[in-house]
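Before anything else, here's the structure in question.
Note that the chains are named A, B, C, D, E, F, G and H in the order they appear, and that numbering of residues resets to 1 at the start of each chain.
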Amino acid sequence: MSSPKKVFTKGNEAIAMAAINAGCRYYFGYPITPQNEIPEYMAAHLPAAGGEFLQAESEIASINMLIGAAATGARVMTSSSGPGISLMQEGFSYFAGNELPAVVVNMSRQGPGLGGINATQGDYFQSVKGGGHGDYKLIVLAPHTGQELYDLTIRAFEIAEKYRILTLILGDAILGQIKEPIVPWVPEKTAGDPDRDWLITGAQGRKPRLIKSLYLADGEMEKHNWHLQEKYARIERDDVMFEEVDTDDAELIIVAFGSVARIGKSAIARLREAGKKVGLLRPITLFPFPRKRLRELGSRSKKFLVAEMNTGQMVEDVKLSLPGDCQVEFYGRPGGSVPTPEDLFAVISASCEKIQAKEIV
Amino acid sequence: MARVEIEIERCKGCALCVDACPEQVLAPGNEINLGGYQYVVAVNPDDCIGCCRCAEMCPDVALAVWR
Amino acid sequence: MYNDVIMAGFGGQGIMLIGNLLAYAAIEEDKNVTFLPSYGVEMRGGTANCAVVIDEKPIGSPIVGRPLSLIIMNRPSLIKFEPRMKPGGVVILNKTLVSPDVSERDDIDLVALDLNAISAAGAGNVRLANMVALGAYVEKSGVVAVDSVVAALKHALNPRYHKMIPANRKALEAGAAAVKG
Amino acid sequence: MKQVFKRPESMTAKPFHFCPGCHHGIVHRLVAEALDYFSLREKTIGIASVGCSVFLYDYFAVDVIEAPHGRAAAVATGTKRVLDDRIVFTYQGDGDLAAIGTSEVIHAANRGDNITVIFVNNSIYGMTGGQMAPTTLLGQRSTTSPYGRDRNRDGYPIKMTEMLAALEGPSLVSRVAVNTPGNVKRARKVIRQAFQMQVEGQGFSFVEVLSTCPTNWGMTPQAANNRIAEEMIPCFPLATLKQKDGNDVL
Amino acid sequence: MSSPKKVFTKGNEAIAMAAINAGCRYYFGYPITPQNEIPEYMAAHLPAAGGEFLQAESEIASINMLIGAAATGARVMTSSSGPGISLMQEGFSYFAGNELPAVVVNMSRQGPGLGGINATQGDYFQSVKGGGHGDYKLIVLAPHTGQELYDLTIRAFEIAEKYRILTLILGDAILGQIKEPIVPWVPEKTAGDPDRDWLITGAQGRKPRLIKSLYLADGEMEKHNWHLQEKYARIERDDVMFEEVDTDDAELIIVAFGSVARIGKSAIARLREAGKKVGLLRPITLFPFPRKRLRELGSRSKKFLVAEMNTGQMVEDVKLSLPGDCQVEFYGRPGGSVPTPEDLFAVISASCEKIQAKEIV
Amino acid sequence: MKQVFKRPESMTAKPFHFCPGCHHGIVHRLVAEALDYFSLREKTIGIASVGCSVFLYDYFAVDVIEAPHGRAAAVATGTKRVLDDRIVFTYQGDGDLAAIGTSEVIHAANRGDNITVIFVNNSIYGMTGGQMAPTTLLGQRSTTSPYGRDRNRDGYPIKMTEMLAALEGPSLVSRVAVNTPGNVKRARKVIRQAFQMQVEGQGFSFVEVLSTCPTNWGMTPQAANNRIAEEMIPCFPLATLKQKDGNDVL
Amino acid sequence: MYNDVIMAGFGGQGIMLIGNLLAYAAIEEDKNVTFLPSYGVEMRGGTANCAVVIDEKPIGSPIVGRPLSLIIMNRPSLIKFEPRMKPGGVVILNKTLVSPDVSERDDIDLVALDLNAISAAGAGNVRLANMVALGAYVEKSGVVAVDSVVAALKHALNPRYHKMIPANRKALEAGAAAVKG
Amino acid sequence: MARVEIEIERCKGCALCVDACPEQVLAPGNEINLGGYQYVVAVNPDDCIGCCRCAEMCPDVALAVWR
């Protein structure tokens, strides 16, 4: 580990810095706001790190260059937003079928269509349900501060390699553009095992290898699919991450991720000051989703409020996780309208009122 | 007998017209318009020959010319 | 103590620079800070703004819904942000470009300064109006010490402009002085 | 006295959002003038692309469809195939047309789709803040080529006009500039020809316009304007590389 | 209506025939198995119908040509499968943002990746949750026979126009390749209203119009998003379609769509003969999903079995629809392994056993 | 007696799945022979595309990555940027390279990526059952041009070789055929040169091979073979349009 | 009555044609029918198969998991499909190319015919082996009348080949005759 | 002294080799191989001059030549 000196860093740059410190030496990408500081940082710093930055001619070229580079076992990355991520969906599906590891950042922007670039969380479904064709999953990490952008980027490379899976970091314009002091660090292992038995390196002194996703023999593709599902089940068992704030005695639990969770923390602190028993569950991994923990919480707290910057996406996973007798409310702000702490304070207070009213009856 | 007219709120003070004018009719001004730009002014309006070189070069269609 | 400010004006008025500078000053004092600029298409059309939040505790929201304070460098910015202010908040207003009459709130503390004039007089340079405004805001709010801001100049300024540090310092101090009396 | 220069009628009164000195404004005006010239405003459909010219619809008094980044030519093809008596044009930047939209413009050209493509090459991604474009000059610095474009890594400034001229489909393929009053006049003529081709049903017409981006070149408007003659034209020579005459029309 | 003569027709051709009879005159598409008979039929028959078939250079070009053509108000269509549909996700999102009507057919193939072309239902999530960026919905129709392919294609054009929305017909290789006798017919209205106030036709004698999805003013994009959501709510209220078989007294209700539902019908018929009280709910619209009807059924029947040719996708919507006290089992066959009637008979029987065992206890 | 013709060592023993008389088999063999010639098998990475040649990995005894349809050049770029001392080649059909993959191959060429692209142009989509390709000849019938390719609607057979030769990036751009023993020998030489270019680090090399698809042309193998000389070569002339010599290398 | 059959062989043996023909014959008799061909990549490598289901009632599954009958024109097809058969099912086997010894089931009704010879003898043309096989199957199973198949020829055959209808009819009848005795 | 050898199971009977051979060594055969193809046979094996023209044209690498 390097010294714990703080550096004042833009969120996008924290990701780029962490990627290089995690051993990422190849970046392929196409510009799009609000994530341009990632390719720009890579262009400036990868050469000195002995790596290569290549601006692709499109997002489709980016994700396919990533396939070619990931197949060699190198730590590789791309980043984009909204429309660019949509264009990568075929590539994501191939990554899953090919079982290749890589890291992709989506600093999402509003949709549908060209939208705008204010912060939003409209890409939750696309990220966790699979926007490409077929049955597959990405690991989806949802940081909420500059430091976490840094830390989870390092985690993203490690976990991608652990499972041969594409790991998506899902952020938004606030997280990408915010500057705050962070403490950079360097993980112990900054490269994958060079002896992995699937690496494409030229068949020198060994049998030729193959990276493919086409399976034609009877039942072969079904087998491959169940093999992938088994891997996803292991991920759900071993690699769920979440944060809890004041859930112990909470009568109302807010479920929120990313920027909304961060803004929510301000609101919750003030509500606690006002004597309201509210808590927060913040999923850090959106897939794997903290289903088990929610089920546990739902056996005690019966009231949940899901807050998202969209029209209601994660709320489905929350409902699917909770026991049938829990009540789930939703507060959504789509299209780049960011709820202020005041907004959340008001909404949560209103929910609390309802609980109390019910208790009095 | 020619005249150039500057639409002040369209002008962004880029001065491409100033360079283009063969008669030095135009020059950067000192005032700022609502957009915050230091707009161009006709310092030698009577020298205008109506050649439209300024207008051809104006990226903001801020100039009209009479002749 | 928690504090926040939104700074806004034309692109080119140095808004992002003073936002950054304030953030570095907070770091000098070992405080937590977030700096959130406006970005992208918002930047075209010539306006720019940023929000800075400073606190001893970890910072929750970097988004400032109802600002405690404003630094306003042009007219459209006053119109956009004044209505959102918390009552009692401080506005440092660039009187050189915006008449205080544009203000519509009477429950706030409006400090209208002829920034260009103060800059010219204090720093010998009309172009440091942004530093004057920051100096005034820091002095008025006490969010950080003016000295911390001065100490932070070397971090916030591109090394190419380090020779301008003395002039910047003078502008900051002139701004602080303007609100001290 | 009679007004010898005024805003074209195909253009709205709304001031441009472009940065000071940006040539996009000149190109907008020339396109509007061509529409005026042939009285096409009421039968024209503009296809806006994503780039600094995305707000096309604010400035042209015509029906407009906003295309996804790079796809303007395909959108135009779709529109024109249905409404073949309307005039359809796209207006695209070098990121839009020469990077992500390469395939769409080449195939529209190869099909000889009867549309007009205005290609504004400012050797940079303007809207997104100055990243390298496929047309960025060797050695040119941008936010994603901070040490200058390196031909070993990034390749060469791509020549769309030359490539399209190698195809049989297009009726007009030309490159112009708007850096001097004389070049503006020549550009006006070529853009007018391009629309004339479409009016006559001769098929795909393409005009590349060398253009400035003072903001992302980090230059004053004048210095940017001078760079066109000093650096851009030597790399991207001005010429009409292909022009069908009436006899080529079926 | 034309005469009710039966024609022996391949599923893909039934779609193409219905499209032309519904007034579709423009088709843009790129070849991909198992749906090539659609473009091939269009290429052969559109010219005579006064329309135009254009083979695009890619799926991305196809969907964008469709944008340009749909904006004129013409009835237009494209079709593809798996990877090609993934490549259209940016375009789908633009369709939603632009509020343009069109019909897209996905004769899905296996994923993830290149997969294979046997029948599968792995694209349910992509279709109903939105594979592109942002909050949006398509209308998704899931036919299960040749005749229904025909009928729903006509419906697809009508409903797309009614709501200015992209309507997706989700099929699979069985449905595309099967030949059976169908009765073609021609609907009354085979063209949209030429006076719709948003059509892009050239601003002759009227104000210029604009089709866009970029909204930058404060709150504008949020407003646009809620406007879209309001439209989706109307669709959910007014345009749900489903079929029920033997649900009245069913102790176990199978929920399945498309080919699986059809195969399931064989199994259910045999189970009924064997005295088992089983029924079928077949969603015909996947969005809007028959949530209300499921909730009603769930108040009576307590046991549901969801059968899909994937690893479990629609099952989430079923769970989200049912009352909390219902039991939901899942039977899945991903990757092109098609369950036979015998397979389903066995699985359903096993579920029935469990119910009876429970009743005895 | 000594064996003067045998299966190259870079090739496995598995019989091809191609239809009788399909030229894909000849092209496969020539590529394998080039790898043998320079002893490259153990350091070569093949990028398979989607088309009738998708099973490349069954026939070449080298590491292979299967690219999504049209994206082989981009995949190759990714691989080569990491492993720049390996030999990376793509093998793509005309649907793959000249339709959906247009942009990827053009930009790989323009960057001068040091890879080799083998482009098998059989003027049809073979694998999917005979749809029109961008290279389909005027008047040629296919399942999606049942009345023959119409230049007014579908445009012209696209000339990738000519277009790529207009770029500065490539080191070798050539078109060959394998319809006669003599043409096979010439094709062998050019394909060998293409790999030599890569070995020498001269950048992007590109060989278009005119090829048959008896099945989807609806012809006997012999008739299909004859069509190459009678119809394909007149439209797509055989020539090396661009070849850098050693001096061009940096 | 419900009936199903899978037909399989090399590409070029006319499998799809007899599948279609059977379906048209069912339509002639106003029955419901589904015809499901193998497709796509499956077609390369030279094999082809299809499943035909015929019933008076609406047809549920067009997929045949456990076929009641098979028409088998080459060796790989017997190996692939025989194990899936329902006990008691009928297999029409092309003895010209596949020895009956390849069969491993003793609970089915294996009808091995020298199709080429029957075709040559009955229709004067060795290339109508497929029609012979269909004739045999139809006669044996009774799923439709041989006459219906004959009547359906004009629908199933491309008009270009209508002049071949008499020969096809003969081949069908020769096949039927071969299993009648 | 030359010889051509046909790998029967690779041959698909396309006959491109037949056309290519200057000495009419090869001709379509009557037998069918496991793949169902009527494979080619050497009808005049002794006329082979070992020129390899057949093998150059064989799309299935079914021929080997000795000389």
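One rule holds in what follows: a residue touches a chain if its C-beta (ideal position, glycine included) is under 8 Å from a C-beta of that chain, and two chains touch if they have at least 3 such contacts.
Note that the structure is a prediction, hence the values are computed from the model and not measured.
Student: From chain E, how many touching-chain steps at minimum until you land on chain F?
Tutor: Each step joins two touching chains, and the minimum needed here is 1.
Student: Please find the two chains that have the most C-beta pairs touching each other.
Tutor: Greatest count of contact pairs is found between chains A-E.
Student: Counting in whole Å, what is the centre-to-centre distance of chain G and chain H, each centre being its mean C-alpha position?
Tutor: Chain centroid spacing, chain G to chain H, equals 35 Å.
Student: With centres defined as the mean C-alpha position, give me the chain F-chain G separation in Å.
Tutor: 41
Student: How many angstrom lie between the centres of chain D and chain G, each centre taken as the mean Cα position?
Tutor: 62
Student: Going by the touch rule set out above, which residues of chain G reach two or more other chains?
Tutor: If we look for residues of chain G contacting two or more partner chains, we find 41-42.
Student: Which positions in chain F are in touch with at least two other chains?
Tutor: 19, 54, 66, 68, 99-100, 102-103, 107, 127, 134, 153-154
Student: Which residues does chain E have that touch at least 2 chains other than itself?
Tutor: Answer for chain E, listing residues that touch two or more other chains: 33, 52, 54, 57-58, 60, 83, 90, 94, 98, 113-114, 116, 212-214, 216.
Student: What residues on chain F touch chain E, complex-wise?
Tutor: Residues of chain F touching chain E: 50, 54, 66, 68-70, 95, 99-100, 102, 125, 127-129, 131-132, 134, 143-147, 153-154.
Student: Over in the complex, which chain D residues touch chain F? Could you list them?
Tutor: Of all residues in chain D, those touching chain F are 99-100, 102-103, 106-107, 110-113, 134, 151-156, 158-159, 162-163, 165-169, 250.
Student: For the complex, give me every residue of chain E touching chain D.
Tutor: My answer: residues 26, 28, 52, 54, 56-58, 60-61, 64-72, 74, 76, 90-91, 94, 98, 200-205, 208-214.
Student: Give every residue of chain F touching chain A within the complex, in rising order.
Tutor: Answer in residue numbers: 41-45, 47-48, 54, 57, 60-68, 71, 74-83, 86-87, 103-104, 107.
Student: In the complex of these two chains, what residues of chain F are touching chain H?
Tutor: 1-7, 11, 15-16, 18-26, 29, 178, 180-181, 184-185, 214, 221-222, 225
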